[in-house]
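Here is the structure we will look at, set down as structure tokens.
Going by the order they are written in, the chains are A, B, C and D; count residues from 1 in each one.
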């Protein structure tokens, strides 16, 4: 077990090192941070003086060595825009993104498992076909379109008059589709409960939860279809296997066969693929946070790009790299726990 | 000890597979019966429908197969017509099964204990602790060393032979009437095969459990079973007491099978081979399905399906045999 | 209407502020701008956001009125002693948020700090000194006669000198201006303004609360608490207003103007702005641009009305010059001159009938619809066979390209800090000269020494009539010489719920005086 | 019956693939729609009434005209015009061509890299395998977006800005190709590991074939079916990634719009009247991606024999 963790930690360090080198190499391509810091009418000498002060004129190697030196003591430099250490800025914004990812993952888990299993057991049922159809369409719609449509329907509200008002059913249908909206369409609301450190959570107040609804649903809308199709495919394969047939031969109830015997075997590949997708989801938060003005690391990263706040960009890329390695390690640990045939040192091929 | 009504009676069972381009008939109206404590062997080349017959008893045929006709009477009820809910009460409880490959039969991610306890609790209202004791008892009965430890182990931690012992133990958990064993030892290596088969035989005798043994190994059938059926492309072509058939096989196909067995005696003799191979279900020959490979095939064999005719205690479906019997009868009448 | 500078002598009556007993402040305002202030140190950066914060938590000596006149705030009255000095009389009994008394020494402290600040240094360059006469009077002295003294005075927001002096616990000077680090002033604030900063999480939320003993009793403002949330994405910001999440938003993108007008419980206010959007034609990079005929052809080919109507959806005022209406240099006679035939004819006369290829660069997230404007312009130039390879960039990447002039035609927008025409010419059309910083943003490398001399003369001309005439002459000359291609002045737009009366507190400089805001 | 040497076409017609294709209505409809779209996109210059890349044809005055059938529509612009006055129909046709080009191009690159690395990792195993898989892990921690930003910056530094117009397509193909190759590599590696155990590989070794001959001539053909399946899904993902990149302003330039950048440019108008500027290209994008996904699903079920459908 220890060897496994050491191997992962070394991988994390390698990943962070590689990212920091790449990020520094493209520094000048990311634009000039000075623009954001000085007014338009500041003369060239002033800018030159400031550039000198910030050490931007040094050669790239010198800057990187200074950065690496500090990084070893845990100081990833100061963000130009926030004027604070980058790690502090990230620490402030990370909880918001993590809450988004947690919310979306919960939605995904509670929806994809039942739907996936149902679609596997009764592939021909029209409801299963309906779910599969919706999930295929879901994958094809870019997230920012879903987000905007959600905002329009559920927070601003949309009045439908397509159906003839004069007929009974027309009026009923119009009524059914018209929404007043009301769900908050931006930000995390102001009733956040403080958990620890910089983690202010929205899960513990109704206002906080209301703010979480739309962003989590749109973030989940990217991954949900993927998981449904994955669980369905794996489950159908497992249902063909001998031990399932043997379970039926033992006279077990179909509930037990499906939700214990089959599901446990189905979840193995889902966990490995799922783990990777959680890492990818962190990247998708950038789109979701932009549309919902969600103060997470995604929006922070995008603004850092527009402001070419280079220390923050480098720090963000390293932290995301670290998060990815951590999720991978967790996935392998969980896989080891669930799958008895795997000893923790190596992964079953 | 033939009781009047047999424990299990299969009457012209039809099983078909709904595959592209029309249905394929896997079992063509087979009938046989099994008495209490009796050991019946099902023999035939692979593809003859032995396994389909075994699985159809408990209606476990995987899609796209389905029971198309006939009855399976067990203790007065027709299993073929029974609902899934009632059938479930019988599976594992009254009729148990043993599959071929122990590597695949046990669920890899659940412990042996879980898979045994759940079988008991599916049919008895009993606490887990009591169920575990029953399980340990059965494991001891199949001679597994330190059974308590086994309950918490996982299938991948046991050898093939050991696993098949566990599966036999599971089959006996609820003192079933019948055990259907689908080539229980084929997947094991030779040394273990004899051991496991002997174990199964003793336990069936001790517990007075009827055994329906599916195998392609005539040696095993001749030692273990009391009656046997010989199947060929979905039909029973010969059935009767094992001793009688082994010593004096009537049907040419059965004779071919027996002659194919490596005999002790003549070293270096070439083994007899039945020419050709088992027809696939897609194009079954007309009349008697064996006719293309039969030396005695006549036009009659090629057109119509021969009826069963009794010779001694053996029922045989072969024109050649029925003609011989006719002649003997005529000779006896002429002689007497 | 000519802008009347305050009379030489005499106090500016306070009557202009609407007289009403200061209502008892109880209301809460939720507002959303596209960005929140970068820092609390109002001398750290000269930008719209910082000036908006200044007007909320500080008070200037003098501030602009709606019609570009002056209104005394902390300065009760002022008079010109000679053509180089102006004496100011301060209001008494004004308190800082920290409770300290406001006196002339705070003005001196603020003046010295402004002289030190990298961003404000240039604007206060003409000032040579300040001398405090007594607690409530001081004099500002300029090295030369300087007509825009009051214009610059609008940038002096007196700081609480006691609060900002001395050292912090870890030995850092409290008054230090630190550009990228964490200074005392960037996190703490004490001014005389209507609102105290209660809490701040950068990029997420800022809370203000009304200053209990705010000096301006006559202010009608009844807002007790303000919550400012930055919403970057236009769509989300407008949705936030329409869904009732916020009460007041700015800026409003042109595409959403009629959506807000149609919404029954929100109200839209627009005003023509003072930011000119224009193209430079780089003469050094493209030989043809040296020929005035070609430059005029380009000027004739661009359809300012079309862009303003279609792309800006009527949300911009087409321009033919740099100075917007209300500035001294605004020359009524100059009109947009869109005429494709004349443009083609000019190209033929200049010998470029079959045209040439140029590169065009524009930012895509700096000015309203900047990338769409550039595309439209490129399409218009194609009509006179000028083939354009357009490249739009985010602002952080665009400005370095602008500094090393890497595009043949480059888009730029400019708002005069001094609200005066001379500022446009000094930065955009003066012959570029590294030393003095003149023509720092002249991406056209246009150079006309006589025009530069005329502007220099105007800068020291204190007689307003003469000064206006000179500046208008400069605009005329640039127009005839087609030194640049003006497009339009960007309008300003704000939107709020019906019960939030924003119209009276808004102005052309986009510094909403939230202290006087009334919510029904 | 003597089996005549079936021509490749007969073998195809007899195959299970064709059989299940005929019976699966969804597959038929999706492939027809896909073929139509590809055909229209490839021959865009013929079908499109105007050439959206020729700026002279664009007149700012007829911008934001609604599609035909709505008030104020202009017959010359069946699907209306965008904010620049460009005809939507022709811009969408050219845009679909760009998006398809990026989708297919990126997947070809992904497949090339993925197959090469997957084969090497799977077949050689040991250190090569762990190194390649570590690179894949690092790669996966960079989502497509971050790779786009980094590669975009590198391209700018090396090629300079002004050439951006021409190289945008190749850059995007390179970005999405480089960002997503691990997906295919992992699939290939998994199936190579499975194939490696099979006897025919030992047989080939015994016959003395060199390693890469075994890899490419023997193992690869047997791993084609999963690659083919994942490739179709990756095309759909590539098109969606390009749309996401365009939304953040990192995709195709306005002058040569892809479907994604068309949606982006119309994005501000979606809630304010001229909704068609975003929704029509959005619809085309969704249909295109949906059709490819449906074909991918069908292919996966057909190619994966163990997944019998009842």
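Keep this in mind: a contact is a pair of C-beta atoms (placed from the backbone, for glycine too) under 8 Å apart; a residue touches a chain by one contact, two chains touch by 3 or more.
Everything quoted here is computed from the prediction, not taken from an experiment.
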Looking only at C-beta pairs in contact, point me to the busier pair out of A-D and A-B. A-D
By Cα centroid distance, the chain farthest from chain A is B
Approximate Å spacing (C-alpha centroids) for the pair chain A, chain D: 23
Chain centre separation (chain A, chain B; CA means) in Å: 55
Roughly how many whole angstrom separate the Cα centroids of chain B and chain C? 94
Express in whole angstrom the distance between the two chain centres, defined as the mean CA positions of chain A and chain C. 40
So which stretches of chain A touch two or more other chains? 30, 148, 152, 156, 240, 290, 305
Got the chain C residues that touch at least 2 other chains? 235, 239, 365, 394, 397
Could you please specify the touching residues of chain C with respect to chain D in the complex? 234-235, 238-239, 253, 255-259, 303, 306-307, 310-311, 359, 361, 364-365, 371-372, 375-376, 378-383, 388-394, 397, 401, 406-407
So in the complex, which bits of chain C are touching chain A? 32, 38-39, 45-47, 118-119, 121-123, 178-182, 186, 201-205, 227, 229-233, 235-237, 239-240, 242-245, 365, 394-400, 403, 414, 417, 423, 427, 434, 437, 440-441
Sites on chain D touched by chain A in the complex: 134, 137-138, 140-146, 149-150, 152-154, 156-157, 193, 236, 240, 243-244, 247-248, 260, 263, 267, 270-271, 278, 282, 285-287, 289-290, 293-294, 297, 300, 306-310
What residues on chain A touch chain B, complex-wise? 240-243, 245-254, 256, 260-261, 264-265, 268, 338-341
Quick check: in the complex, which residue numbers of chain A touch chain D? 11, 14-15, 18-19, 22-23, 25-26, 28-30, 123-124, 132, 136-137, 139-145, 148, 152, 156, 229, 233, 236-237, 240, 276, 279-280, 282-284, 286-287, 290, 302, 305, 317, 320-321, 324-325, 328, 349
